[in-house]
Structure formats: structure tokens, C-alpha cells
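Following are the structures in question.
Consider the two complexes below, in which chain A is the common component and chain B and chain C are the respective partners.
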Partner chain A sequence: MDFLLSSLSDGLLIGFIYGVAAMGLTLIFGVMDVINLAHGPIIALGMFGIYLTFNNIGLQPYIGLILVAAIGLLLGIIIYLIVVRRVLDAPHLSTLLATFSVNMIIIGLGTAYFSTAPYNVDFSLGRVSLGPITLLGTRVIGALAAILVTIGLYLFLYRTRPGRYIRAVANNRNAAELMGVPSNKILALSFGLGTMLAAFSGGLIATFFPFTILAGGSYELKSFVICVLGGMGNPIGALLGGLILGLIEGIIPTIMETTWVPVVEFALFVIILLVRPSGLLGAKK
Partner chain B sequence: MKLLNNHLGLLIALSVITLLAVWPLVTQKPADREVAFTILRAVALASSLNIILGYTGYVSFGHIVYFGIGGYVGFYLISQQGYSLYTAMLAGGFSAGLIAFLIGKAILRLRGAYFALATIGINQAILAFVANFDLFGGPIGMNINFQLYQDYGGAPKALQLAFYIMVGITFVTVLVSYAVRTSKFGLGLLAIREDEDAAEVMGVVAPNAKTWAYVLSAIFPGIIGTLFFFKNANIQPHDAFPLHTSIELLVMVMLGGYGTVLGPILGAAGYQRMRGLLLTSPFFKDIQLSVAGILLLVIILFIPAGIVGWIRNRFPKTRRVLQ
Partner chain C sequence: MAAEETEPMEEPATEEVTLVVGFTSSITGKYEAESGRQVRGFNLWMGQVNEAGGTTLSDGTVVKFESVTYDDESTKERVQELYTRLATEDNADLMISPYSSGLTAAASVIAEQYGKVMITTGAADDNNYMQGYTQVFQIYTPASRYLAGAVDLLAATDPTISKVAFVYENDNFSTSVVEAANAYAQELGYDIVLYEGYASDTTDFAPFINKIVDSGAEAILGGGHFQDGSTFARQISEKGIDINYLALLVAPPEPAFADLGEAALGVIGPSQWEPLAAYTPEFGPSSNEFINAYMAAFEGEEPSYHSAGGYAAGLVLQKAIEDADSTDPVAIKNALDAMDMLTFFGSIKFDTTPEAHGLQIGHSMIYIQWQEAEGGLIKQVVWPAEGSTAEVLYPIP
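== the complex of A and B ==
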């Protein structure tokens, strides 16, 4: 019972962070119908961003996160301007391959620089005990940061003018343009926000898991599962999907071997796509 | 002569493959034979993928799953049940086709990005399942006892044999690809690619046509999977279902020109050659992936129709010849 409880709460805490990663993917899909296959490498860059700021500059990881997020935003805008903008109206194959080429470029440079050896950020916040449950401090803070970011994103999308523009462009780009929304800038901003969330989640993960430059790939796949669970293009759904995935990862090890986790995850993914492609909370429409 | 003129496109495609097949026979170097094997494998896989991707317009991102399924089924029959390579290859192709039929029935209802995501999900689900499946050796996979190659005249002879079979499979794959492209069935597929709803109105039974195109594009990867892992003497989950190779196949089809018979052949040969050169060059070997990525980006941004597509658009007279 204790094992189940601690496994569940661990899963739930990580679920928040998965949710943030998936939110980045789903935001980009919702606004411009692009599946960003460079999502994983950007998560990995977020991890290495924390590693570099912590080990080389000695910055506290949570302050480093702000820097990582800013760089993530900038990187996303650059990727949008160079790559995505030109294939926005092309068929899906083109956008998929275009973002995948960015994936290859980042992974190629990353492997040359960091090799594929595992790295870790040697940082700890001790443990928190709640009755029978003991939680890692870094994971609690990570989950809290993820919640804060979600609230921030919600406020940005629903309470500010650029946020309203983003929603307008997601709804109907042509109509938004006619209303005077600078759609190109808004699309660049949305893509940047998406990659910012990816880099941010990568940074959070780096505070408690070891990682390699290729580690982003598995989080990217998890993000796909989460996006489909919550409904493609629905950021709040993504958080819920992240929690569900975290719970699954918490429950399964208590009833069968851990190696079955991906089988369940991806089977669920395909089933949801087939039965309810709009996800649990409904996709953007 | 008329026959020759009508099928000039096929002749060009087949002569490219013949060149690839004859080259290691002329140089008589085993290393060249291995390079040619890798290129032919890529050509056959890309041509198969082209049937569902290029002709029908469905982006199958995880197509390598059929290579893995065929590889595992065939390898199991060879190494654990003692079947011959030929029976195993048939079984590998059949099981890949059968699973493609079942999966295709379900996921071909999805369109666009959702279909692409589903194919990734299926590849990962089956990879994770096989890694837990004890009959297939779980995460460790299976091995072939080297004694087994004695039946084929020893390991060197077996490698030689595998190469000849690969040449044969590539020829058949390209012939099938050409036959589909020039048939009424292929015309239906092309119509689905342009506008599925309009195609249905015109009398194309889209669900059936799509499913058969998907099955057809899965059978050859299944056969090749068995052959490849027979030659490899070892099979592991991550070697059998590499998502990365799957995406490389898409790159090859794009590079050569999607929806053409010749495109995937040139794309696969060109990509493999380039990759080999980058990997062996001292300057590029560390960043070969980045260089390939930049090349892919340039192609997508500036010549989205691929090499063959570009030539066809630029010089309309070549359209009769370059299928």
C-alpha cells in the first residue's frame, strides 16, 4: 500500500512536468497545425542548458531555468522564421520533415559536442515526508513550477492582447489577418512559446533525472501520447493528459513489470486516436 | 519497339538497380557487396513506402514496423524452428502483410497528421511489446547459431546468397511499384492523394484501395526484414524497429521525388551514398547528422518535388520517360 502511494505520488508529480512539455507541442499544433518533430531535441537542449549554467556558471537551477526559457523562446522564433514559415501552407509531409530536419541538425551538433554519454545535474533539495510518503524535494518544486507555468500560460492566453491574438490566429488565421492581427509575428511568438515550454520542462527534468542528448526523444513520444489524450491543440487538456500519463507510470509498476509501461502507453495512444481522436477534453475546432 | 517505348521509365529504373547489382560483382570486394546490399535494401524499402506515401498520400511515419515484424517472425522460424530461409521470408512477408491489413483497416480512417502520429504510436507499441515478449527473446532478442549457415554452404556463401536474393527482391519491388503506378488501381490511389472525397464520388472505393496499398507497401519490408536479420545473425528490438530509419526512408522518398517510380530509387541510392561519404570523411563524421539535416531542409524548402519531380516539372518532355 505504501509502495502504491509513493509510486502514485511520484507519478503524479512527474505528470505535471510531462504536461508542460506536451503543452508546448499542443500549442504549436493548435495554432498552426504543425507537429513539431524538433520538440525532443529542444527538451534535451533545456536539460543541457541547466547542466551548463549549473556546472559552468554555478547558477542555481531554478534561476538557470529562466535563462533556459528565454533561450528556448528565442530559438523557437528563429526556427519559425527560418524553417516553419516557409512550409506553413505545404502538405503535412513537408512540415513534418522540415521540423525533423531541425531535429537532425540539433542532434547532430549536440552529439558532436556532448557525445551521447549520460550527464546529470548534481543538485538536491533533500526529501519531504508526508505521512508514509517521501518525496524528492526537486520533484515537488518541479511540479509547483509546472503548475505556475500553466497558470501563467492561461493568464497570458486569456488576459493579454498577444494571447487573444494567438487564440484568434488559432481559430481562423485568415479572419484574424483581416481584423488586423499581425499573424506572422503571432505565429512566430506561438512557436517560440511552444519551444520555450519544451526547454523549460527539459530543465525541470534535468534537476532529478540523468539525461543524454538523445533523451528528449522519449519525452517527445510521451508528449504525443499526452496531446492525443488531452485533445490536440488544447493546452489545458495537455496538463490533464500529463497527469494521466504520470498516474499510469505510477500504477503500472505496482501490478506488472516496469517494462510494460511503454506498451500500455502506446496502445492507449493508438486506441484513443481511433476511438476518440479529439481526445478526452476535445480538440481545438 | 512500341513495348520498349511505352515502358522506357521502367527500363531506366531497372538499369539503375542492375548497375548497383553488377558493381560488386565486377570489383569482387566483399566490402563493396555490403555497401551495395545496404543501398539495395534502402531502395526496396523506399520504393515500398512510396506506394502508400507517394501514390496514396498517407504519411506512414513508422513504416519500419513491418520490416521489424517480418524480421522477427522470419528470424524466429529460422533460429528457433529450423525452417529454411525461403519459407521464413515468405512467412515474414505474409505476417507483415496480414498485420498491415488489420492495422490498416483501423488507422487508415485517420487523415493527415493523425495518421502519421498513429503510425509512430504503432511502431513504438510493437517495439515495446516485442521487448517484453519472451517467445522472441524479450529485450535481448535472438541469435542464429553459426552452424546453421553450413546449410547454405558456409557463412561467406550465405552472405553472397543473401545479396543475390536482395537484388531479386529489389527488382520485384520496383516492378510492383511500376505496375501499381501504371494500373487503374494506381490511378485510384493517385486520385485519393489529390482529393479523397472527390475520388470516392468518382467511384474509387477509397477504404479498400487504401488498405490494399498499405498491405502491398508492407509485404516487401517484411520479406527484407527476414533476409536482413538472417544475414545479421542477431535480432534485437531496437534494431528491428528503429524509428530513425523509418524517417530516413521518408527523406529518401522526398529526396528522389515522391509519387514517382524512379524517385525513391535515386533518393535511396543518393542518400545512402552521401551518408557513407559523410561518415567516413574526417571532417564531417561527427556532424554527419547535421549535414544531412541541412540538406533535407534545403530540399524541402526549395525543391519540394524532389529530384525527379523537379526534372519533370522543369522539362515537361521528360515526363513520358521519367515515371
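== the complex of A and C ==
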């Protein structure tokens, strides 16, 4: 029982981070029907952002995260304006190839600068013991930060004018444009927010796991599973999907070898696609 | 007449031969740390031999060396491609293995296929030498003998311990080490309460640590390479689990392991070589000479056993050429078969049976532990007892 509780708590904490990473992917898909294949490298850039601000400038990682998020937002807007905008109305394959090219560019530049060697942010917040459960400070703060970001995103989307514009564009871009919504700016902002969330989640992961420039790939794959689980284009569904995936990662090791985790995760991916393709909370209409 | 006067002045013509030594290094990828040191060790040997005027054969031929090397990105695919290129386009005369058993397995096939003598270093997996190869020679103690001493040390330190967990990287080398250590531990009567591998790119060890706690293990053996091993040790320490004994492969002997701080304290690791090891070499430099030259050449970097292995690989090639008194590949191969020498790295002798040709049978492991010293942590040799420099720190604080 202690084992199960420890595993579940670890899984749940990492699940929040998975949720934020997937929210970035699902937000972009929901607003503009683009599957962002540069999602993984942007997560990795978030990791390196924290590494550089912590090691070179001496910034506390959670302050560094603000900088990483701001750069993530800006980077997303730039990627949208230079690459995505031009192929937005082309067939899906064009946007896939365009974002895949961005993926390759980031990985290429990152490899040239950082190599593919592992890096580590040597930062600890100690641990908290609650009976049989030992929680690491960095993971607890990571989960809290993920919750705050989710609340912030929710408030932004539902309580601000740009947020309402984003939802309007996601529902029907043509109708939104007819109502005077500056769709191009809103699409750029949405792509920026998506990459900001990816970079932010990468920054959180860097506070407790080592990473390489290729490390975002596995989180990108998990994000796909989560998006399908929670419903493509549904940010709240993404958080729920992240938590479910985290719990699965917590439960599987208690009943079988840990190497089975990806097998179960991707089997679930296929099952959801077959049985409930709209995800648990329903995909965007 | 003039010719008769000048003839005695002429030096007998000495032929200079430059042998091309081909290898790949992991400039990028997960083996960057270990491979970098291995290559620096090899380059130091090559620089020293060439600066000293090369190796002279009995017929006056001076043999010098030059290397051709590429980045294998720590992947088998690149190794296969690049060793083929080394053999066919760069016309390498001799080869050194890449770092790691997995990459070396890929390189060995190519070396054997093109009939190139290859000295393997940083590659301990026994299986590579059970393939019927005749050109591949290992200088590391084989994986099957890697953790046996750690089990012996545990038995000698605390006979009351009975529950052991093996958590290891799922690659050729680590699996082969742990299979042998597991069999040996069971032979000694240990109860193996957990035996599980992890993927090479694992960064989250929480599931394994939770399993270790649940299993009631008192000792952990396993690990794999530097990155995963140091992450594993760090996360064990962060979780603060109650464990008495932790022995991991590869990572602990690396000087950079001390950067983990208190997470490194008490961790034991098998090492192919340590600066403290006081062998009296029959060939090549002493340990101190090697260490001083290495630190002078590489900005004060302390050599690890990977560095020493790289240097020793060059030394073995040099000795084989001197023993063969020839640069003929067949003669060099025969000299390696007959080799039995003591270097600063330890004894070197190869199995010559068809079943395990090239397997190292002369060299043995030593076991280090990170202990507290004034101003930080230092490595101490804790096993074998006759070579130890300090009492083992037990249980882990």
C-alpha cells in the first residue's frame, strides 16, 4: 500500500507537468488545426533556458521560468509569422512539414551549440515526508506552478478580450473575422502561447531531471497521447489527460516492470483513438 | 675518388613508416564524458611516442602513428558507417574501439570483416569476444567480473545483509555485468529481492526507487553508465531512502561524480584503474608519470580509468609492434596473442582459445568509494583488501 501511495504521488506530480506541456500542443491545434511538430524541441529549449539562466546568470530557476516563458511566447510568435502563417490554409501536410522543419532547425542549432550531451540543473528544494510518502520539493513546486499556469490560462481564455478572441477564432475563424477580430494577430498570439506553455513545462522538468537537446522528443510523444486522451484542442482536457498519464506511470511499476510503461501508454493511445476519438472531455467542435 | 671520400659520411637510410590508427569518438551524445577521456588518453600516448621519435624496429624502420577519427554521435549506426569508412577510404592500418560495449560490438564486425587489428577499450561486455573474431583484443576486465568484487566486499563488510536489489541499464554491457553478479550473489546465498532493468535514456528513477523501498533491499547494485548512474545516485539521495550499500557501474570512478556532493558520499564503483594503484610496469610509464603527463597535457584534468584505458590501448599496440618487430598485421596479431605484460594500467593478457579469442584474462578490477575528506570528497580504494587505501564507509550515511 505504501508502495502504491508513493508511486501514485510521484506519478501525479509529474502528471501536472505533462498536462502543461500537452496544453501547449492542444491549444495550437484547437485554434488553428496545426499539429506542431516543433513542440518537443521547444520543450528542450525551455530546459536549456533554465540551465543558462541558472548557471550563467545565477537566476533562481522559478524566476528564470518567467524569462523562459516570455522568450517562449516571443519565439512562438516569430515561428508563426515566418513559417506557419504562410501555410496555414494549405493542406495539413504542409503545416506538418513546416513545423517539422522548425523542429529540425532547432535540433540542428541546439546540437551545434550544446551538443547532444546531457545537462543538469543542480538545484534542490529538499524533500517533504508525509507518512510513507516522500515528495521532492522541486516536484511539488513544479506541480503547483503547473496548476497556477492552468488557472492563468483559463482566466486568460475566459476573462480577457484576447482570450475571448482566441476562442472565437478557434470556433470559427471566418465568423470571428467578420466580427472584427484581428485573426492574424490572434493566431500569432495563440501559437506564441502554445510554445510558451511548452517552454515553461521544459523549464519545470529541468529542475528535477537531466536533459539533452533531444530530450523534448519523449515529452512531445506523451503530449500526443495526452491530447488524444483529453480531447484534441481542449486545454482543460490536456491537464486531465496529463494527470491520467502520470497516474498510469505511477501504477504500472507497482504491477509490472517499469519498461512496460510506454507500451501501456501507447496501447491506450490506440484504444482511445478507436473507441473514443474525441477524447474523454471531447475534442473541439 | 670524390664518391669514395663521401661514402663513409652517409648515414644508413632509415625508413619511416606512419601507421594510421582509426577510431571514432563520441564527441556528441550520451557517451561524451567517458569517450572524451578515452580519446584524450590515446592522444597523449600517440603524442608521446611521436615526440620521442617513434618506435624503432630492429631493421632501423621508425614507426610513427597518426590518427583518423570522427564523431560517432554515440550511435551504432554512425559507428558502422564510420568504421567502414576508416577501413576502406582512410585505409586505417590499426583500429581502436569506440567507447562502450554497444558501439564496440558494431565496430568489431567491421574490423573483423576488413581484417584490421582492433584494440578495444571502454568495452567490457564478454559477448563481443565470443563471436569467433580473431582481430579484436580487449584490454578491460570483462563485464562478467565487474561487480563480483562488490558482492565480495558486501559479504566481507556486513555478513548480516541478505536482501539485495539489482537495478541496471538495459544495454549489452550492464546486462551482462549484472547477470554475472546476480548469479554470483545467489551463489553466496543472497536473496535478490528486485532485479529490474531500465531504459538507457531514463531520467526519472522514482519508480525504481519506490520499488527498492518496497522490496526491503538493504543493498543496491547495478547502474550502467555515467549519466544514468549519476542521476540514479542523485535521486536515491534526494529521496533519502534507507539503504546501507550502493555500488554502481562506471559512474562512481569518474572524477565528475564528486560534483553530486552528498549524493556521491559512500557510493562504491568498480574501476579498471585508479591513480592509487601502484603497479610496477614492465612496459610504458608508471602511474605517476602517466598522471603527471595527462594533467599537464589537458589543463590539469585528473585522468579517470577511461583516460588510462585510452592510453593503455596505444601502449598495447606499441608493444605488439615492438614484439612483432614488424608492421605486418598478421605479425602484430600474433604478438598480441602472445602478449603477457604488466603496465601502469595492470596486467594485459588475451584469451587465445577459439571460444573467447581476444577476451582479457590478465587484468583485474579494483573498487573505489567516495569518502569525506578535508574540503570535499575523495576516492578511496576499498577493495580488494590488500590494495585498499581506507576502510569502507558503511552503512552509507
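In this text, the second predicted complex is superposed on the first by the 285 of 285 C-alpha atoms of A that agree within 3 Å, B and C clash if a C-alpha of one lies under 4 Å from a C-alpha of the other, contacts with A are read in each partner's own complex, and residues count from 1 in each chain.
Heads up, the rule we're going with is that a contact is a pair of C-beta atoms (placed from the backbone, for glycine too) under 8 Å apart; a residue touches a chain by one contact, two chains touch by 3 or more.
Keep in mind that what you see is a predicted model, and the values were worked out from it rather than measured.
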item: Chain C versus chain B on the shared chain A, clash or fit after superposition; value: fit
item: Touched partner set for A:Leu93, first chain B, second chain C, both or neither; value: first
item: Contacts of A:Phe266 with chain B and chain C, given as first, second, both or neither; value: first
item: First (chain B), second (chain C), both or neither touched by A:Thr258; value: second
item: First, second, both or neither for A:Leu109, with chain B first and chain C second; value: first
item: Chain touching more of chain A, residue-wise (chain B, chain C); value: B
item: Touching partner for A:Pro277 - first (chain B), second (chain C), both, neither; value: first
item: Which superposed partner A:Asp2 touches (first chain B, second chain C, both, neither); value: second
item: Chain B versus chain C as contact partner of A:Phe209, first or second or both or neither; value: second
item: Contacts of A:Pro162 with chain B and chain C, given as first, second, both or neither; value: neither
item: Cα-centre angle that chain B and chain C span when viewed from chain A, reported as a multiple of 10 degrees; value: 70
item: Contacts of A:Pro182 with chain B and chain C, given as first, second, both or neither; value: neither
item: Shortest CA-CA distance in Å separating chain B from chain C in the superposed model; value: 6
item: Doubly contacted chain A residues - partners chain C and chain B; value: 111, 257, 259, 261
item: Chain A residues touching chain C - in the complex, by the definition given at the top; value: 2-3, 6-7, 10, 14, 111, 115-118, 120, 122, 124, 127, 129, 134, 136, 209-212, 215, 218, 249-250, 252-254, 257-259, 261
item: Chain A residues touching chain B - in the complex, by the definition given at the top; value: 29, 33, 35, 83, 86-87, 90-94, 96-98, 100-105, 107-109, 111-112, 221, 224-225, 228, 232, 257, 259-263, 265-267, 269-270, 273-274, 277
item: Chain C residues touching chain A - in the complex, by the definition given at the top; value: 27-30, 32-33, 73-74, 170, 196-199, 201, 203-204, 206-208, 210-211, 213-214, 227, 231, 238-241, 259
item: Chain A-touching residues of chain B, taken from the complex the two chains share; value: 53, 57, 59, 61, 106-107, 109-110, 112-114, 116-118, 120-122, 124-125, 127-129, 131-132, 139, 247, 250-251, 254, 258, 286-294, 296-297, 300-301, 304
